[in-house]
Every structure is written in C-alpha cells, then in structure tokens.
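Everything below concerns the one structure shown next.
Letters A, B, C and D mark the chains in the order given here, with residues in each chain numbered from 1 onward.
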Amino acid sequence: MLQRRIPLLITFLTGVIIVITFFIPHPPFGKLQDDALVWYSIILGFSMLIGVDSLLRFHYRRIARREKGFGFSFVFYAGFLACFITGIISEIKFGDAFAEGTSFRYLYDYILVPLQSTMFALLAFFVASASYRAFRARNFIATLLLITAVIVMLGRIPIGAKIPGITPLTDWILNYLQLGPARGIRIGIALGAISMSLRLILGIERTYLS
Amino acid sequence: MIWEKLTKIDRRYIFLFIGIVVLLPIVFNLKVSVKISDEVLSAYKEIDNLPKGSAVMISIDYDAASMPELQPMLKAILRHCFKKELKVILINFWPLGVPIGAQGLEEVAREFNKTYGVDYINLGYRPGDVAVMLRMGIDIKKVFYTDLSGRPLDSLPIMNNIKNYDDIGILVGLEAGAMGDAWIQYVGTRFKQKIILGVTAVMAAEQYPYLQAGQIVGLIGGLKGAAEYETLVNIPGTGLVGMASQTYAHLTIIFFIIIGNISYFVLRRKGKKK
Amino acid sequence: MMILLILSLSVKAFDTPNDGGGSITIEVVGLNGDLKNGYVYRNSMEDTTFELRGLISRTSYKYVDDGAENGKEYLYKVELEFDDTTLTLFTGPVSAKAQWYDPTRTSVLIFLIIFSGFVLWFIQLARKNPEGLFIRKIPALDAIDEAVGRSTEMGKPTFFIHGLSGITDAGTLAALTILRRVSSKVAEYETPLIVTNYDPIVMAASSETVKQAYAEVGKIDNFNEKNIVYLTYEQFGYTAGVDGLMIRENPGAVFLQGYFYAESLILAETGHSVGAIQIAGTTAATQLPFFIAACDYVLIGEETLAASSYIGREPVMLGSVKGSDYGKLFIMIFIGIGVIFATIATILNIKGNSILMNAFNTFMGWL
Amino acid sequence: MNISTDIWVWIAALLTLFIYSFLYKDNPFYKFAEHLFIGIGVGYTTVLLWFNSVIPKLWNPLVHGTSPMRFFLIIPILIGALMFSIFSKKNNWLIRIPIAIYIGAGSGLAIPLDFEGLIFEQVKGTILTKSMFNSFIVGFSSIVLFIGVIATLVYFYFSKEHKGFVGKTARVGIFYIMIAFGASFGYTVMARVSLLIGRMQFLLHNWLGIIK
C-alpha cells in the first residue's frame, strides 16, 4: 500500500509546488522552475544508463546464445564503442568533441549525419506511396482531404502558379481555412493535457504506477 | 483486371518513379522557370541597392539536415554580392554549420576570383549566441579576435572599415531554427540593423508577421525561394534544378493519386453493375 | 532645437517589475528616432567610478541591468549620443528587489481556478452519481480490441510503438493506459506483444504496465521481458530500428501511440507494408495528417487523452473529461463574446468612439 | 566523372545506399546500417548527455562551484540513483519515486505553460481581428476561421452524443479538420522531396562527381 501511497504523495507535492512557483517570482521560488529543469536533465542522465544497459545486455545475449542474426550485434557493439570512446577522447583532448578534425567529428559527419538524413529522406518516397493509397474519393470527408492536398501540392510548384486561381487559393487555405481547425485541435490538446496533469497531481490517473 | 492492378500498384513502382523524376533533373541539369514572389524580390532589391563596397554579413545558422534547402540560398546570395562587388562577412551560430558555410563561400569566391581577406572573410563560430550578437553591436573585433583560420582580424584589410553593425549594410540570416528570432529581437530592434531571412520551407509561414511588421526587409523561403533568387541573380544553380525535381515529384504524386481514383471509380461502377 | 530636446528628455531608473530581483530597468523618456547610441553607466555608491553596463535599446529606449544586487543602492549615468551632440543624464539612487506575486500572470491564475473548479466539481459529481455521466463513444477505441483479436487469430505478434516523448508528456501517459488495455487483451492469447521504447523511463513504466496486465489475467508466464525493447535515444536511429523489427517480426496489429515527429509516416508506411492493422494516436498536431493517411484508425489529438479515461471507465476519470469539456465550452463562449465585442468596438471606433476599443485592447493585453 | 577518393565519403555514400535498399526489401545491408545506426546513436546520445548535461550542470557546479546552494544537486543524484532499483527484484518499486517526481514536476510545469503558451495564444489569435474590416475578403475569411475553431472544438466535445445541432456542427468540424490535414500534408511534401534532392546531390556530386 505504502508502495503506491508514497509516490502519489510525492507527485502531488512536487506538482503543486511547481504550479505555485509559477506565480511567485521571489527567490527561491522563482528559480525553482529552472532548477526543476536542471534536475530533470540530471535524472534523465541516470535513466539513460538504464537504456544503454538494456541494449548492451540484449545484444550480448544475442551473441552469447548465437541467436539468429547475432553477427549484427557485433555491428551494434562496434558502432557504440567507436562513438563512445572517440567521444570521450575527443572531448578530453580538444575540450569539445565536435571540434574540427576530431575522430568523433568524423563519425558524426560521415556516419551519423548521412544515416540520419537518409532515413529522414525516405519520407519523400513514403509521402508518395501514402498519398496514392489514402487519397481516394471514397466519401465526402476523404474527398475533402484529397482535394486540399492536391491543390496545395500544385500551389507549391511553379506550374501551379500558371493555373489561374491556384496560388491565391493555396494561400487562402493555408492562412484561413486550415488555421481554424489547427487552432481548435491545439486548444483541445492543451485542455486535455491540463486535465491529464490535474488528474496526475490529484492521484486519479495512476497507470504509471501499475 | 487492369483496373484492379491499378488500384493496388506495388509501392515499389511508386518509389522507383519518384526516384527517377527527382534524379533526372539533377543529372541533366533541367530547370523550370519560377515566378518571383514579392518577399524574395524585396530581399534581392535591398542587396542590389547597396552601394559598391558595402558589407553584407551572412550568418550560417543551419547544419547538414537543412543543407538541401539553405545551401542554394547561400550560394545565390553570395553570387549576387560578388557580382555587385559587395564585401561578404560570414559568421556561424551553429557550430556544426561551420564547414558547410566555408565550403559554399570558398566555392563561389573561386568562381568570381575574389581574394580572401579583401573581398570576403569567414569569422567562424563563437559560443554565446545572443551575447555574441549583442557584443558585435559594440565591436565585432572584440568578439571575433581572429577569423576561422586564426588570423588576427586587424591584419585583414576587409575589416579596416568595419567596426560594428553600423558598418554592415545588410544582415542575411540563413535559419533552420530559432536564431532568426534572436536576430530580429536583439540586433534588428536594438541596432536598427536591416535583416533578410532565408529559412526552410516549413518555417516560412511563421516569418510573415515579421515581414509585415517591417522587422525584416526580405524573406526567402525554402528551395522555391532559393530558385527565385537564382532567377533574379541570373545564375541558375542547385535551387532551380531542385525546383525542377520538386515539380516533377509533385506531378508524379498527383498523377498516381489520379490513377488511384480513376481505377477506384471504374471498379466501383463495375461492382455496382454486378 | 537642442534646448527643447534637453528640456523634454528625462531618465528613469526603477526596479524591474514582476521578477525575482537582481534587475533594474533604465528608461529614457521623451526620445524619438534620432538617437545614435545610448550608453548606460552604473555607480554602486561606494566610490565615484561609473562602469559601463550596456546600451539603451534604440526601439524601446530601455536598458535592463540584470547584474544588480537586491537591496543595494545604485546611481546611473546615461550618455546619449545624437548626430550633433552628446547629452549626459543622471538618475538614482535606486535598488532592485524581488516580488512575491507576478500580476502579469493573473489571467493564468483565474483560468486555472475556473478550469480546475470544473474538473474537481465533475469528479465529485461522478463519485456521487457514477451513472449520470455521459461520455460519447470514441470509434477508434473499439478498434483496439478488434485489431488485437485479428492479429492474435492470425498468430501474429502485436506491436506497440511509443512516440518520442518522455514520461511527463500527457500523450505518453495516455499511451500507457492504452498499452494496458492492449496487453490485457493480448495476454489471453499466446502471441507476443512487442513494445518499442525511445525513452528508458517509459520503457521501465511500460514493462511494469505489461507485466501487471499479464498478471491480472493469470498469464504471467507468458510475459517476456525481452519483448519490451529499448532502441535508442536518437530519432531516426529509433525509426530505423523499429522499421527493421516490424519487417522481421511481421506484426498483425500495430499501435503507434505518443508524441511523434517526422518519423510518423516512415513508421506507419512500414507498418502498412507488412499488412498490419494500424491504430495511431498522437497529440502531435503536425503529424496527424500522416497518420490519417497511413493508418486504419486514428485517435485525433485530445481523443487520445480522453481515450485513456474512457478505457478505465472509472467514474472519476470520466468526470475529469467532462470537466475539460466544460473548459472547452467556456473557451468557446469566451471566444464568441470576444469576437462580438471586438466587432462592436471596431465599428464604434470607426465612428469615432474609442472607449470600447481601448477597453478591449487593455483586456487583450492583460490576457 | 570525378569520383571521390575520400574513404569517408565512400562510407557515407555506401551507408546512404544501404538505407535506401530498404525501400526494395529488408536485406543484410539495411540490417548492417540499422545496427550501426543504433550503436552509433546510443554512443552519441550518451556522450552528448554526459558532456552537455552531467558535466556542466552537475560536475562543474559541485566541484568548481562556490554557491552553498550547489549541494542541493546531491538530491537529483540520489533520486536518479533510485532509477537503478529497477535491477532489484525486491525493491524495484523504488523506481516509482523518481518517476513520481518526474511526473509531478512535469505536470506542474505543463499546467500554466499550456494555458499561457497554447490556449491564450490561440484564443487571442482568433478574437483579434483588427484587419477584419479592411476588406470584404478578409472579413469573410475571418468568419470562416472563427467557425473553424468553434466547429473543431465541438467535434472534441465528448459530453454530448453527435446528434442534432451538436452532431451537425461536429460534422462541420470534421470537414474542417480534414481540409486542414490535406493542406498540411500537401504543404509538407515539398520539404520532404527537398531532403531526397539533398541526398541525391550528395551521391552525385560529393561521391560520384557526375554533377558540378
């Protein structure tokens, strides 16, 4: 019982204190929000170690048991160790791991960045396949989705500017028509999030303790 | 039968088509003509009207992720500056953007046979964000003692007549993040510096209020903006080529949407008849 | 001209309002556009030297000195450079202090009280009369059971993909509730439930959630810790990893829940390519269109958050949804009145009566 | 043709192709890139977190700082250390304490910020219609916008069945929502294609040297 009560009490107290300090600029309260963020990132640092540990163990197990595809676990280890070790060496040697010419910087520029940008760039293909499949005039709602998407897509390229009306229509859709629902959705999410926060502070929502 | 196939085209064919239409314009240097928008035109005019020998400061506030959109802008603006015999001062607020900016600057400078230290300079990166911006308002040399390669600024003739923002004709911020807001808020308002922003397409919409309020004198948005600027400078570059790829990619997507819908309707009608 | 200028200019120094102390604002009153430079110097009243602090802004004609000690008195000297002359003005002594309440945040306080009032009130009502609360059905929620059912029938695993936000994000917490529901459904069958995590703390919480759900249906032996996967704290690395897992494990149902960024469509398209039924839910407004296009069911924005209360079917939880509904109603009425008021004020203003317009502007400033 | 001789460019180019091979189907090359990506990614974020967060926010103030307040930093260390209770079978409930603090602080920070940053901004943006009377088009458009906000909010109103007037308004709301989704989908396509162009330019220019 205590194992649930204590965390609930802690959530309540931290939550209430942080909300109140929002209205009090006087020290030590005014700075508390910033302090909370610093603490947050420190605790995150510890939690990170749990994640790293979990991954290292997962791949270790795969190698130890010769599970299917265990060879790729060596690739994982190689990547991790290379980045971790060069990072620490570069930081100590140059004072900044990202300084020009450090080995860490090479890994970043020629391995991590290309991998990131290529993964990101897969989207060019996926927007195409998703729109081919999803934008069918099955019913009125789907038709609205389809038509606006096509108009805006046309409005963004030079050919669109040659079709009379497309450019102003695109601008109008972006500046007015889509702004209303975008605002409504954001207000809804904010209210829902606030009520979720209240539920958490009051200890009503407690899935996270399950 | 054919219609059924067309409603369920294997997505790998779509990938193939997209890949090809994006690739071909790049390989064969195809271009499309673009319509110039007011905000890009005004950016162009502001730089074009600067007297010969004025200094333009360009801030590289992006890294590799936004390079496809912002690098063509950088090159187009550099070409414009060098063509008009303006001096260029490059600075960086994203440490990871330093090599990217340097690469663009050197490439264009070589095209125009410009001399380092006389016609252009690369100051590199100094940590401190807003503090750096503000201190440059008093004395640039007191923030950047040396250039990127470590030469003292006093030894480079380009910096002889440049002390602070008063000696900078226009500041061009090429932005992939929040640095543009800082330029406007701190340097624009406090030092009355004229600012042009070049931003990624996704960010462009948010910048219009600044344009309307006169806080920036020009706005170049995304690859399309870069292509427009290239058109104005009359030296086609990757922006215009990219715009061709864009156009064909958009049209391909729309083409597939149309095929999907036609086959969908044909099949539905057949289904009804049965 | 010069005399006029000197007569009309003055410098004010005052404690910067509504802050935690340590700051003094210096303002030049009566200036117009022709200031070249304005230097602010400070003297700590211990000796006679004035040290340069900074420059007066050329638009707001203010300088905020953030380096003041609370309670200590300072003198300020301001040197104003014009095209043809320089003017020196003094002001002080002045000291900085901290305030106990920030009046600029009163509007937040009022809304917070009203809104919390609604929520608390409805929670109370729900406790007293649990039957009396109506909350409409959310279609995508029923689909959860259906998707899990179909996936397990085919003997395929079920995937639960967390978004990129941490445990404090409302969307993540809603995702955990949905995960709870999914896992208690899957637990009844012998097919695996694979949960991918971006954040290690969310992973810990997910693991607990799933374990608990399995225990409740008496199938704790089916729970396999290995299926709660941590990938990496790197956006596209996570994407690459989840994509690889999906292709290899070939899930029958995929849940994408939490806060997503650009990777949303990469994940959803891969999930679709393996033929899984996909149910997405996110509070990331920008990614909703992509989920709508690529998934079978989508919990749109607030629906995700409401869904977590709906699943529990606990009256107090539903009470809070109702409370937030009334918050919405309040805001709609507020906007409605605001628009009508603004319209009348503008019309009157055009006709030369600016009282309402001024009142309106004051109010908007306060908000 | 001016193919690159830089081994690093080759590595980057091959990794790019490995990822793209996934578009065809899963294969060992993609698996290689995927595992390398996760490995490098974890190493990278760990190093980053250590040097951007732990060192400047914890180590430096504790070791080099002078403020007496710095000893409060021991608290987050202790809380953070509780995270490791996850490895204990008996006391693993202790992990709930850092999670509870996390959630308490997160909720406490979110409530006022959501009001100020999200709700007020959106409400203000909807009411403030200074330019509404400048022209008919702007006035009409502002009304369209206003209806969009209200109808969308009605769609998210859960306390009433979607029937009658509420149902009709909610239906209008979903029309608006779909239009917004279509527009933002269409709008994003360009940025996504730009990314692909960037990768192709890398392959053709930096690696193969086919184009200038």
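We adopt the following convention: a residue touches a chain if its C-beta (ideal position, glycine included) is under 8 Å from a C-beta of that chain, and two chains touch if they have at least 3 such contacts.
Remember, it's a predicted structure, so these values are computed and weren't measured experimentally.
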By label, the chains that touch subunit B as well as subunit D are A, C
Identity of the most central chain, Cα criterion: D
Please report how many Å separate the Cα centroid of subunit A from that of subunit D, as a whole number. 3
Using mean CA coordinates as chain centres, what's the gap between subunit B and subunit C in Å? 30
Dist(centroid_CA(subunit A), centroid_CA(subunit C)) in Å evaluates to 13
Centre-to-centre distance between subunit B and subunit A (centres being mean Cα positions), rounded to whole Å: 25
For subunit A, residue numbers touching 2 or more other chains are 19, 22-23, 44, 47-51, 55, 108-109, 113, 115-117, 119-120, 122-125, 127, 129, 131, 133, 135, 145-146, 149-150, 153, 156-157, 174, 182, 185-189, 191, 193-194, 196-198, 200, 208-209
Out of subunit D, which residues touch more than one other chain, so two or more? 19, 22-23, 31, 33-34, 37-38, 40-42, 44-45, 83, 86, 98-99, 102-103, 105-107, 109-112, 115, 119, 123, 126, 146, 149-150, 153, 156, 177-178, 180-182, 184-185, 188-190, 193, 195-196, 198
Quick check: what residues of subunit B touch more than one other chain, meaning two or more? 11, 15, 18-19, 22, 224, 246, 249-250, 253
Which word fits the touch map of the chains here: line, ring, star, complete or other? complete
Give every residue of subunit A touching subunit D within the complex, in rising order. 3-4, 6-8, 10-19, 22-23, 33, 35-52, 55, 69, 72-73, 75-84, 87-88, 91, 97, 104, 106-115, 117-125, 127, 131, 140-142, 144-153, 155-157, 172-191, 193-194, 196-198, 200-201, 208-209
So in the complex, the part of subunit C that touches subunit B is made up of which residues? 55, 57-60, 269, 273
Given the complex, residues on subunit B that touch subunit D span 12, 15, 18-19, 22-23, 26-27, 29, 67-69, 200-202, 222-224, 238, 242, 245-246, 249-250, 253
Provide the residue numbers of subunit C that touch subunit D in the complex, in ascending order. 105, 107-108, 111-112, 134-136, 138, 166-170, 173, 201, 204-205, 231-234, 236-238, 240-241, 243-244, 247-248, 286, 288-290, 292-293, 300-303, 306, 321-322, 325-326, 328-329, 331-332, 334-336, 338-339, 342-343, 346-347, 350, 364, 367
Could you list, by residue number, the parts of subunit C that touch subunit A in their complex? 18-21, 98-102, 105, 108-109, 112, 115-116, 119, 123, 166-167, 170-171, 173-174, 176-177, 180, 197, 199-201, 203-205, 208-209, 212-213, 226, 229-237, 239-240, 262, 265-266, 268-269, 272, 283, 285, 288, 290, 292-294, 300-302, 304-306, 308-309, 316-317, 320-321, 323-324, 327-328, 331
